[in-house]
Every structure is written in structure tokens, then in C-alpha cells.
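In the two assemblies presented below, chain A is common to both, partnered first by chain B and then by chain C.
This part shows the complex of A and B:
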């Protein structure tokens, strides 16, 4: 079972939702669509599932062109961001619904529904109405409906986005094992880079109606092909700024320069854009070879055990992320230490030209 | 008794007074009604009710009313459900204008349409049939039904449709087995409004019928004029006319409360 998009695009009226894009999904893997809101994740899922027809291009499933085939005939499952259940049916009937439509025998339905309900801890709520359940339980009911029928492909469109923090973590931990061993293609759309890293599998980065990069999640994270991919797959946002290379030196401004490391040493002289993730800029010098940058602290955030500082350097806002709690003063000039080996160097077209040395 | 109980009690008394007066009159003889003021019937009589239940000109009035009201409610809902679905789910040229101008027919008094309907129905041989009244009322009820149902349908997320398709439902199966149950309170509210309009509307119903499909309200007006003062009989007919409305309201009362909270009522 292979699901493939071949040069599909989607236009609605005057708006282009997707530019010609291709994607090939292999079975038995978690495939993550990572992108900001409105980047085209939902459009991709609708086309993959057959709910919408692409304006151009083709969808292939198992070596068969299924472009015009309706979702009813595709044997797929779908979980939305909002908790969608049949409001007039109880939990048991909600989970049983795809089996009932498929005409599965009654005794088998009962067994399979109970099995799915047990996996998702819905056992005690089988005979309640969806309206009486909490948000997390409603979404688990929708997930149970998705796994109860043995679909070839399961689409999850930001299924955890509307849950509170704790429920989200709990359910996210269960997700990979929920789908493991089913041999189905799982497509999971999310807007959170950290979620993609936690879930593993493959990741496709979606930006402004295009897939900018697709590959194994950690490889995509470590080796962004261009500046946009690096920006999509970074939270807090990656720091992007312009530098100039002259000889062996990379110059940020008059005060800050460093010696080119890694493959960046081989770059031709000229202007480049660098991207560096916030956790490679720290307020303390903890190893050798770091570049000192003096910045004016503008905003600080404490999130749990991490400190985030936004600071100004020659007209650009940079973000630093460090573990532990750091008492920054707003408006103070603070020394930050950047690891030049963690820099990505992008050329004028935004393509990755070189790296500072280490992987991401 | 607490002071604050007085207001609701006064309110209920105020509401119930005309109905009580009607019920009390229906058990009096016409002579007693005309004779003077009495709070209770001095000499109880069931003659008024007996007349209505035995005289076909009376009881057929009820049957006629119930037939065309039911017919109208069924026609209105059958036509309005798909129409409201289209307005709620699809975008097409002029949809917003069309949706607004649906209400055109409700912008004028029903009397305006009495003449064209009378002429048209006489010409095509529909005059004095239940269908004539039901169709005439549908002109007012379908737009209202579309308007109300669209509100309920739009409050159902489009994702429910998608979920049903993915689960394997065809469109008809989705519409009947999933969508209609999901908006059943909206359908209840709509049916109630269709019923009520058709049940209380007198002018068109009277104009478009003569004998065979004469509604009860028309029978009542006629009796008061030709056979002198039969006030007791009239009161009994009035009581029996209230009952169907009360029954319908009783059954849809929960839906109505929900409807006011959810949809476009």
C-alpha cells in the first residue's frame, strides 16, 4: 500500500491553496505534515482522503489512479481537529458506525468495538452520548472509530490541537503504539515542531501551499534544505540574519565575526543568510569556540524549566533558549554566546549552501 | 405566602383568565351566557360539545383543518430540508440574495395573496380541496422553514458530513441516517412553526374553500352570523380548537427551548 500525490494542485476560486506538489507515503509509518495554520495541511489531507478533488494532478493508491474516487470507496479513516462524533448515537454506535455501513456481522462488530474502546479507555463510557463526554474522551471516541475499521490509510488533522496540555501529552504518547502494527499509512497534521520530533517517523514540511521538504523526521530537522524549511521546523522560531563572508571570516556586523567552520569554510566570498536555532545561543559560556554577541534584552519568557530571551542585535531580533532560570533585566545589555558550528548557511535563493559543522 | 410568589401567580391568573372564561362558557347554555355575570356555569350542559361531535358540519371542520395542516407541514419540511442544506453547505451565484428574498412572501399580509390564489386555484380546479390550502400555506411556510433549518444546519460542522463519507455513508444515507437525526430539534421547531401558522391562518383557508375542505375557524365565523347567538356552541368549538395546538406545543416544548438557544428562531 503506497499513497502517492503526483503534481497535485488546488485552486478554490481565485485562491491557490496548493501549488503543484508531489508526495509519496509508504505503509506502516507515521507521516507528519508540519506547517503553520493555513499552510495547506488540511487541503493536503482532503485531497489524500478524496474529500476534495485536486484542480490538477493525480492521486495514486496501490498503483491505481484514485483521483476521482470518493472517500466512501477508499477504505480510509479520518479524525478532525474538532471533536466530531455522531451526536445522536452513543459511544458504542459511534465506534461501530463504519462497521455497520460496511455490513459487518453483529457479533463481530460488538467484539471489535469493545476491543477498540478498551485500547482507548472508553470501556466504561460505551453507552453514553458523546455530548456527555469530556473533550479528551470525545476525541478518543473519534480515534476509536478510526482504528476500528481496518483502513489502509488513517488521516489525523491536528487531532490534539483542541485538547488541554495534559490530555494532549497523554494522548500523544499513546498515538504511535495505537497505529503501530496496523500496516496502515498514518498521516498526522500538526503545527507544532516539538510534536513532530516526539512522534518520529517521516515529516513533510508544508509552507504556503507547498511541501518544502520530506524525509525522516530527525534528518529533516538536522538538515533543512532551505531557509523556509528551517523556519517551519523550529520552535521557538529559528534566528535568521544576514552575514558576509570574506576569506575565512564570517562577519555579522562590525563587532561580531567568527572563523568559518565545517563546510562553510569552503563557501565563496559574498553575502549569505544564516539560520541558527535558539538553543544554540546561550547566556553563559559553557564551551570553547563560542561567538560573543552583545544584545539588548527586549522580552523574556519563562516556560517551565526553560528561559527564553528576545534580544536586539544590529536591527535584528534574536532569540536565545536555555535550560534553567535566568534572571534577565528588560533593557539591559547582555552577552550571549552563539555556537557557530550550529549555523546553517543559505545562499541568495534560500537554498542550504553549507553548515557550520555539526548536525543541527 | 411569600410576597415574591404573588407576581408569578398574578401573571398566570392573567394568562389563564380568557381561557378559563372560554372553557366556562362552553359548559353554559347560551341563555345563561347572555343572562348575566356568572363565574361558574349555573346549570352544567354538555350539549354544546355533543352538537359538535355529532353534527358533520362541525366535526368535519376539525378534520379538514387537521388534514391540510398536516399536509402543509409535510410538504414544507420535505421541500425545505434539501433547500436549507444547499444554502448551508454550498456557495453558488446569488445564494445570499436568494436566501434573503425567500422571505418576500412574508413581507406582505396574507390577504394580498388571497385574490391571485382564489383565481388561480379556481382555474386549475384546486378550489375547495385540502391541497389548495396546504399549498397556499406552503408559500409562507417553506421560506420560513428554510430560514430556520438553515440556522440549525449551519451549526452542524461540515466535518460531520466528511466523517460520515469517510465512514462509508453515501449522500442519501448520510442525509437520512446522520444529518436529519443530528438536527432533529431544528426539525421539531420548524414543524411547530409550520403547524402553528397553518393552524391559526384563517383568511386564505376561508377564501380557498367552500364546503368540502372548510376549516374549523371558518365554520365558527359562519355559525355566529347565520344562526343567531350560539355563544355556548362557539365557546365549545373554541376549546376544541385550542387543544391540538396545546398538544403540539407540549411535545415540542423542549426542542423549542433548544431551538431558541441554538438556531435561527
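This part shows the complex of A and C:
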């Protein structure tokens, strides 16, 4: 069982929603589509699921071209950001609806619905109307409808986006085991990098109608192929700025320069863009070889376990992330310490040219 | 000791005054008339509940009430399904949406007496376009001034023409507010067009349809101007609906007492039916 997009693209009128893109998904792991709102995640899901036809290209499922095949015949399930349930059917009937349409025998329906409801802790609510459920329960009901029919592919389009923080965490923890061992291809769209890392599996980065990178989630995080991929997969946002390489030295501005490390030592002289994640810029010197950067603190976010500071360096805003609580004064000039070995070096086209030595 | 601030009354006063002048005082005048015999020269005679008793024993009242019930149920049975069907057939995006909406609103903008006059002239057998066509071209014997059946047909068609748009617009608002994911879910389940209507669109339209039925019930149950201008209640008493009968009693015969009693019963029936219907439709939405 393989689900494959072959050079698909999608245009609606004059707007291009997706540029020619290929993707090959296999069962057994979560496949995460990570990208900002309007980046094309939902368009990809609509084409993967068959709700929409691609303008060009083909969709292959199980070695068969299913490009024009309706979603019903593809045997898939979709869970939306909105809690979509049939409004005047109770929870039992909602979960049973795909089985009824498929013509499954009555006794079997009852068993399968109860099993799915138990997994999603909906047992006591089987005979309530969706309107009487909380948001989390409504979404559980939608999830139960997705797993009850034993689909070949299950699509989850930001299913937790409309839930409050606590419910989101709770349901997110249950998701991987919910789909484990079902042999279905699971596709999960999200706009939150942390969610991708938490769920693991494979991640495709989606940006402006293109998939910029696809691979094992941690590998994609550690080794971005270009500046855009690094930006899409970083929270808080990765620091991006221009530097110049001359000889062995990399220069940020008149005051800040450092010796090239790792593969960046082999780069030709010239201008580059660097990307460095916030947690490699700290307010205190905790090891050798760090580069001092003087910045003016503008915004701070202290969460208890983490301290984030936004500071100005020669016209650019940088972000630093440190563990614990660090006292900052807004407006103060503060020395930050950057680890140059954690820098990504991108060339003029935005492609990864070198790294400072360690993975990001 | 507890201090009591009487200034709070000033804040409630505007509403009290408004409701008093708007509803309470006019209603009480009617109650006042309904228990007395009114003569000229400001002479009144106490009657108690006589008028109510007479009315509830009179065939004339039940005749008018029956015709009213028949009229209202007929137009509801036509306008609600027809309105929903038209709303479903209307485009949901594109340049035709405003065109359809404007076309639909047009009948609603025409004053009631103009509608009555329009349909009167339109259906007159000798000079009206429809009347002449039916009689002289198709050879169907149609005369709403003589034939009760023709009069009823005309009144109902007129009301359907005038008010179906309201149902269409309300249903349309209900339909376009259904989020796309519902249709996608139905598509993935492989639901038929009929199932989409029955399991998604109709339940999602329940609230607006409740309002539509209520509005059409109240308006049609109280209808006066259009049938009055069109048929004047005739031929005979064939189209004398409740409000027409009421005006005949009050102004034609100057029987203020019976007319007031009739108004109150009329009002109570409208209120009761609306309340029962609304409570039934919203009983699961606590």
C-alpha cells in the first residue's frame, strides 16, 4: 500500500494553489504536512483524498492510477479542523454512518461502533446528539468515524486546531496509538513545528504551494535543505541574517566576526545567509568558542521553563531562547552568546551550502 | 438599615412606557370594548362575556376561522417546500448570486395593496391578461369574481408569488452558512444528493426554517389587504378570511363589542399556535 502524488499541480482560475509536486507516502508512520496557513496543506489533502482533481499530474494508490476516482471508492477517511458530525444523528449513528453507506451487516455495525467508541472514550455518550458534546468529544466522534471504517488512508487536517490547549495535548498524545497497527496511511496536516516533532514519523514541509523537503521528521529538522525549509520548521522562528566570508573569517558586522567552523571553512569567499535556531543563542556564556553579540532587548517571553528574548542587532531582530527564567530589562543592551558551530550557511539561491559543524 | 435606591426605576421607565403605548394600552382598549355595548354619544352598557359567548356559538365565526386555517395551511404547504427547493437550486458563488437575490427580493418590495390590485386586474376575465388568456384562448371557464374555486386559486397563487421569496431568502442564508467540510464528509461517506439534503442541509436549516414558518404563519393568518383588494371577501363569503370578517363587523356594522371580542380570540389563536410551534421546534435546544 503506497499513496503517491506524481507531479501534481493545482490551479483555480488564475491562482496557483500547488506547483508541480511529487510525494510518496507509506503506511506505518505518521506523515506530517507542516506549513503555515494557506501554504497548500489543505489543497494537498484534498488531492490526496480525491475531493479535488489535480490540474495536472496523477495520484497513484496501491499501484493503481486513482486520479479521477471519487473519495468514496478510494476508501479513505478525513477529519477536519471543524468538528464535522451529522447534526441530528446521535453519536452511535454518526460513527455508524460510513458503515451503513457501505452496507455492513447490522450486528457487525454495532460491534464495530462500540469498539471505536471505547477506544475514543465515547462509550457513555453513544446516545447523545453532537450538539450536546464538548468540542473535544465532538472531535473524538469525528475521529471514531474515521477509524471505524478501516480505511486505507486517513487524513487529519489540523484536527486539534480548534481545541483548547489541554484537550489538544491530551488528544495529541492518543493519536499515534490510535492509528498504530491499522495499516493505513496517516496524513496529518499542522501549522505547528512542535506538533510535527511530537508526533514523529515523516514530515513534508509545505511552503507557498510547494513541498520543500520530505523525510524522517528529526532528520528534516536537523538538516534543512534550504533557508525556507529551515524557516518553516522552527519555533520560535529561526534567526536569518546576511554575513560575508573573507578568508577564514565570517563577518556579521564591524563588531561581530567568527572563525569558520565545520564545512563552512571550505566555502568560497562571498556573501551568505546564515540561519541559527534561537536555542543556540544564550544570554550567558556556558562554553568556549561562543561569539559575543551585543543587542538591545525589545520583547521578552518568560514561560517558566524557557526565556525568550527578541533583540536588535544592526537593524535585524534576533531571538534567543534559554532554559529557566532569565531576568531581562526591556531596552537594555545585553550581551548574547551565539554558537557558530550551529549555523546553517545558505547560498544566494537559498540552498544549504555548509554548516558550522553540528546539526541544527 | 438597608438603603433602597429608587433611581433604578428611571432606567426601566423607557421600556415600560414603550411597551405600554405600543402594546398594553391599545390591547386594554380592545378588552374594554369587548365587555361592553358601545353606543354613540359615549354611552356604554356592561355586557360581561356575552360577546365572547355569542361569537363562540356563531357559525359565521367558525366559517371565517375555517377558511383562515385552510388558507394558511395551504400556502405554508406550498411556500415552505417550494422556497427550500428554489434556495437549493440557487447558485452559491459567482456572478449569478446577486442577480438571483435581487430577483427574489423584488416581490417582497411591492406594497400589499399594490399586489392585490395588480392581481385583480391581471386576472379579470374580460380585461386581465391571465383572465382573458384562460377564458378566450384556452377556453377554461375562469372568473374569480363569480367562482369560489377560481377566487381561492387566485388568492393562493398571489400569496405564493408574493411571499415564497421570503422563505427562499431565509433558506438560502441557512444553506450558505453550512461549512464546506460537511459536504466533504458526505462525499467521503459516499452519501447521495438526497442524503446530503436529509442529513446535512435540512437539519442545518432547522432554525431559519422555524423562523420562516413562524413568520409566514403569523403574516398569512393575519392577512387582510391583499385578499380584500383582490376579492373583497367574495364571491359571497367564499374568501372572507378572519381579518376581513373582523373589519366587516367592526366598520361595516359598527359592532364594536363583538369585533373587539373577535380580535382578542383571533390574537389568542395566533399567539397560541405560534407558541406551540416554536416550543416544539426548539424543545431539544436547552
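Basically, the second predicted complex is superposed on the first by the 359 of 360 C-alpha atoms of A that agree within 3 Å, B and C clash if a C-alpha of one lies under 4 Å from a C-alpha of the other, contacts with A are read in each partner's own complex, and residues count from 1 in each chain.
As a working rule, contacts are C-beta pairs under 8 Å (C-beta built on N, C-alpha and C of every residue); 3 or more make two chains touch, one makes a residue touch a chain.
Since the structure is predicted, the reported quantities are computational estimates derived from the model, not experimental observations.
Superposition of the two structures on chain A shows chain C clashing with chain B. When the two structures are aligned on the shared chain, A:129 is found in touch with chain C, with no touch to chain B. In the superposed pair of complexes, A:70 makes contact with chain B and with chain C alike. In the superposed model, A:249 makes contact with neither chain B nor chain C.
Chain A residues in contact with chain B (one complex) as well as with chain C (other complex) are 49, 51, 70-72, 76-78, 80, 82, 84, 86-88, 97-98, 101-102. By the touch criterion given at the top, residues 157, 159-160, 162-170, 173, 178, 181-182, 184 of chain B touch chain A in their complex.
Looking at the complex, you find that chain C touches chain A at residues 179, 181-182, 184-185, 187-191, 199-200, 203-204, 206, 284-285.
The part of chain A that touches chain C in the complex is made up of residues 49, 51, 70-73, 76-78, 80-82, 84, 86-89, 97-98, 101-102, 129, 131. Those residues of chain A that touch chain B in the shared complex are 49, 51, 70-72, 76-78, 80, 82, 84, 86-88, 97-98, 101-102, 142, 145, 149.
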